[in-house]
Amino acid sequence: MPTPRENLVIANRILARRGVVDGFGHVSIRDEHRPDCFIMARSMAPALVTVDDLMRFDLDANPTDPDAPRPYLERFIHSEIYRLRPDVMAVVHHHAPSIIPFGATKTPLRPIYHMSGFLGAGVPVFDIRCDSGETDMLIRTRELGRAHANCLGPCAATLMRGHGATVVGSSLQQVVYRSVYMEMNARLQADAMRLGDPIYLTEIEARLASATNDGQLQRPWDLWAQEVTEVSD
Amino acid sequence: MPTPRENLVIANRILARRGVVDGFGHVSIRDEHRPDCFIMARSMAPALVTVDDLMRFDLDANPTDPDAPRPYLERFIHSEIYRLRPDVMAVVHHHAPSIIPFGATKTPLRPIYHMSGFLGAGVPVFDIRCDSGETDMLIRTRELGRAHANCLGPCAATLMRGHGATVVGSSLQQVVYRSVYMEMNARLQADAMRLGDPIYLTEIEARLASATNDGQLQRPWDLWAQEVTEVSD
Amino acid sequence: MPTPRENLVIANRILARRGVVDGFGHVSIRDEHRPDCFIMARSMAPALVTVDDLMRFDLDANPTDPDAPRPYLERFIHSEIYRLRPDVMAVVHHHAPSIIPFGATKTPLRPIYHMSGFLGAGVPVFDIRCDSGETDMLIRTRELGRAHANCLGPCAATLMRGHGATVVGSSLQQVVYRSVYMEMNARLQADAMRLGDPIYLTEIEARLASATNDGQLQRPWDLWAQEVTEVSD
Amino acid sequence: MPTPRENLVIANRILARRGVVDGFGHVSIRDEHRPDCFIMARSMAPALVTVDDLMRFDLDANPTDPDAPRPYLERFIHSEIYRLRPDVMAVVHHHAPSIIPFGATKTPLRPIYHMSGFLGAGVPVFDIRCDSGETDMLIRTRELGRAHANCLGPCAATLMRGHGATVVGSSLQQVVYRSVYMEMNARLQADAMRLGDPIYLTEIEARLASATNDGQLQRPWDLWAQEVTEVSD
């Protein structure tokens, strides 16, 4: 039975192997013993993360260990979501290829099939320029982190214009599931829009499908975890 | 010479490796000794299935072993097809990416080349909403299973709106072949429609090509089976 | 230094690994000692071919060994090209995904970059229906083989409506190179057509680029051969 | 700590593994000890390059060793850029699939997200026909090399009509990063254009994002280098 930190390492590798993150992107969990803290790797490629690379942060996004190594620039995405959303236990930030076009155009991301019912509540697009003019596009301050968390609201994910996406979950398994199937939905929706006018799931269908899939999260996790464990052994 | 159950395990792995199923989806065979029963894995990712994970179900989709583990929610897809179609010896249900856009739009899936002649009889689209209003999109009851099997009629496959596809065959080799080339046809047809007006196979061409390919099913099976055997050894 | 038959085995595996052939498709060479004969595998998936699976055929597509195993149904594609085109020393027939949409629509395949200059002389589309009405789409007779070879004329490749493509070369290395980059050109041309009006190579540019690349055939062959040798060792 | 030549070998393999180069394409570095020279492999597939295959060239693109093996035909791309751009320490020339359509149409390549801010200064398209009429499309002379380098100007990359792209950097890590994310940007921009009118990074956003990412180059390099080292060990 892996510890929460071991599962966080596995989550890093799953997201890398399935193309959600590449050399960039990060995943965190709320600290089970101290809900005002979260755990995330030091600044490095997710595929290479080990347990020794994990750090603890407080909700100001400061490392709790004064001798900690260099953290991710965008840790404020995580801290401000944990502050505003007590229900959130895990956060993924990524630049998966298929979602970038949705952040760069006015096309809303909508659930094309039951696997992505969690998108049914909407996916707000955060444009950093509205909050702070022209920047390097990164969420590098508490203020930007808060603006982004407010944009997320009660939803499962945001798109970030010219940047990427952020996904939240009530567990690590759920946030990994949502990250994988949000990426897939983006591809399938773009393909469907080229064929004709897609019929999306209704709000009720999306909510019901999402509830059903929340009871099945262990199934894909078991598969994905085995894939990355084989690789690293 | 593998047993039917060993071949069913190989089929699970072929479908996973070739991207027809992922963490979800399932494949079954009719029990050769008891045609009123079928064999399918317990609820788990197809790539991980072994012979020990296989269960037997009756045509009410109940496990014949009272101590059986948790089954797939959508086993009623299989049971009702076996009931209505005595010619069907194997069934695959999946959410392969390329077919989802065809289920979500009004574009009929049609045979773009001889490899998918089996699509020539048409691919009906099942919309669960027509039968039972807004649901979690899953075929979780006998009634929904029967409605879906009726929609299939004498065809080789259905598309399911906002959900996936179901494919049938007179043998395990045939249903795997059809699943792989239906997925491929969806990609090629979508690509062709962006180039111009595709010329599809005529009904006669499709039927003749399908008959020829039914004499060649062992060839790709041998290749695909070796790929997944190498992996697991 | 591999023998011609060993190189033919390597070519089978290269074409499989690079997605030009899958469970179907075939590659042949003219017999260096008997130019009225050619060498090709028995009916099987190209990725699995070994030297022991190779057979010799005369230009009527009959095996020269009366005890030979089951041959490919479409060996007449090869025999009739070798008969009509004395310059051709190697032939590939395949169903690579990217070229199918070009055979199914009226869009001519044209050289989008210097790597595929060999397409500059045109790629005729063979529609079997024009020669023999509705069939199973296969070239299963001398007559159909001759009609197809006539359609090829002096070109480097044909597209076959609802079926696939056939590529010829003055050496095995050349026909493999052409098969790989014809497949690539189809993808790139389709992508370019979605961006705007592509500027294709002129006839002269195509001819000059093709001549230059014919002096570089060993370079990709060395790479591709090593990839498939690593796999099989 | 790898030497510059060992890193150049790693760069060859990274670019091959990530699909920027295939059997063709090349990467060079300016000689740290002799800035009027550069180091590049002999004419061969990048994935197979070892330290023993590296050669030194002067700025006339002549090997400094009179017994050197056969060089790449297009070494003049490199020599003339090193001559005109003293800031450039590394050059990549490639035919990555996603960028070819941008060179073949009038669609400018623009930064769709922060990862490719280095494209913000523009990507000029070099059409060899404007300088020397119909050719085999290759930069095989000093004159063509100079025309191409002039077209590059102060930018980070060019597209070459009907041919490929050339990317420059102030370090090997930077030119590899830019090659990978220019390829990715081409894919994402093409996808976004099919969804709607993309909102590109402004010139200021692009410049600021590029400066930030230049401080993060080691992160993806570490990941990519480990991937190709695992393969070759």
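Just a few scattered comments:
We just call them A, B, C and D in the order they show up, numbering each chain from 1.
The criterion applied here is as follows: a contact is a pair of C-beta atoms (placed from the backbone, for glycine too) under 8 Å apart; a residue touches a chain by one contact, two chains touch by 3 or more.
This is a predicted model, so every value here is computed, not measured.
Omitting chain B while holding the rest fixed, one finds the remaining chains still held together by touching in one piece. The angle of the rotation superposing chain B on chain C, based on CA atoms and rounded to the nearest 5, is 90 degrees. The pairing of chain A with chain D is characterised as different-residue: of all residue numbers used at this interface, under half are used by both copies. Separating the CA-averaged centres of chain C and chain D is a span of 32 Å. If each chain is reduced to the centroid of its CA atoms, chain A and chain C end up 46 Å from each other.
Counting partners per residue, chain C has 194 as the residues that reach two or more other chains. Taken as a contact graph, with one node per protein chain and an edge wherever two chains touch, the assembly forms a single closed ring in which every chain touches exactly two others. The chain pairs satisfying the stated touch condition come to A-B, A-D, B-C, C-D. Residues 22-24, 43-45, 47-48, 73, 95, 97-98, 100-107, 129, 134-138, 161-164, 190, 193-194 of chain D are the ones that touch chain C when the two sit in their complex.
Of all residues in chain B, those touching chain C in their complex are 111-115, 117, 184, 187-188, 191-192, 194-202, 204-205, 208-209, 211-212, 216, 219-220, 222-224, 226.
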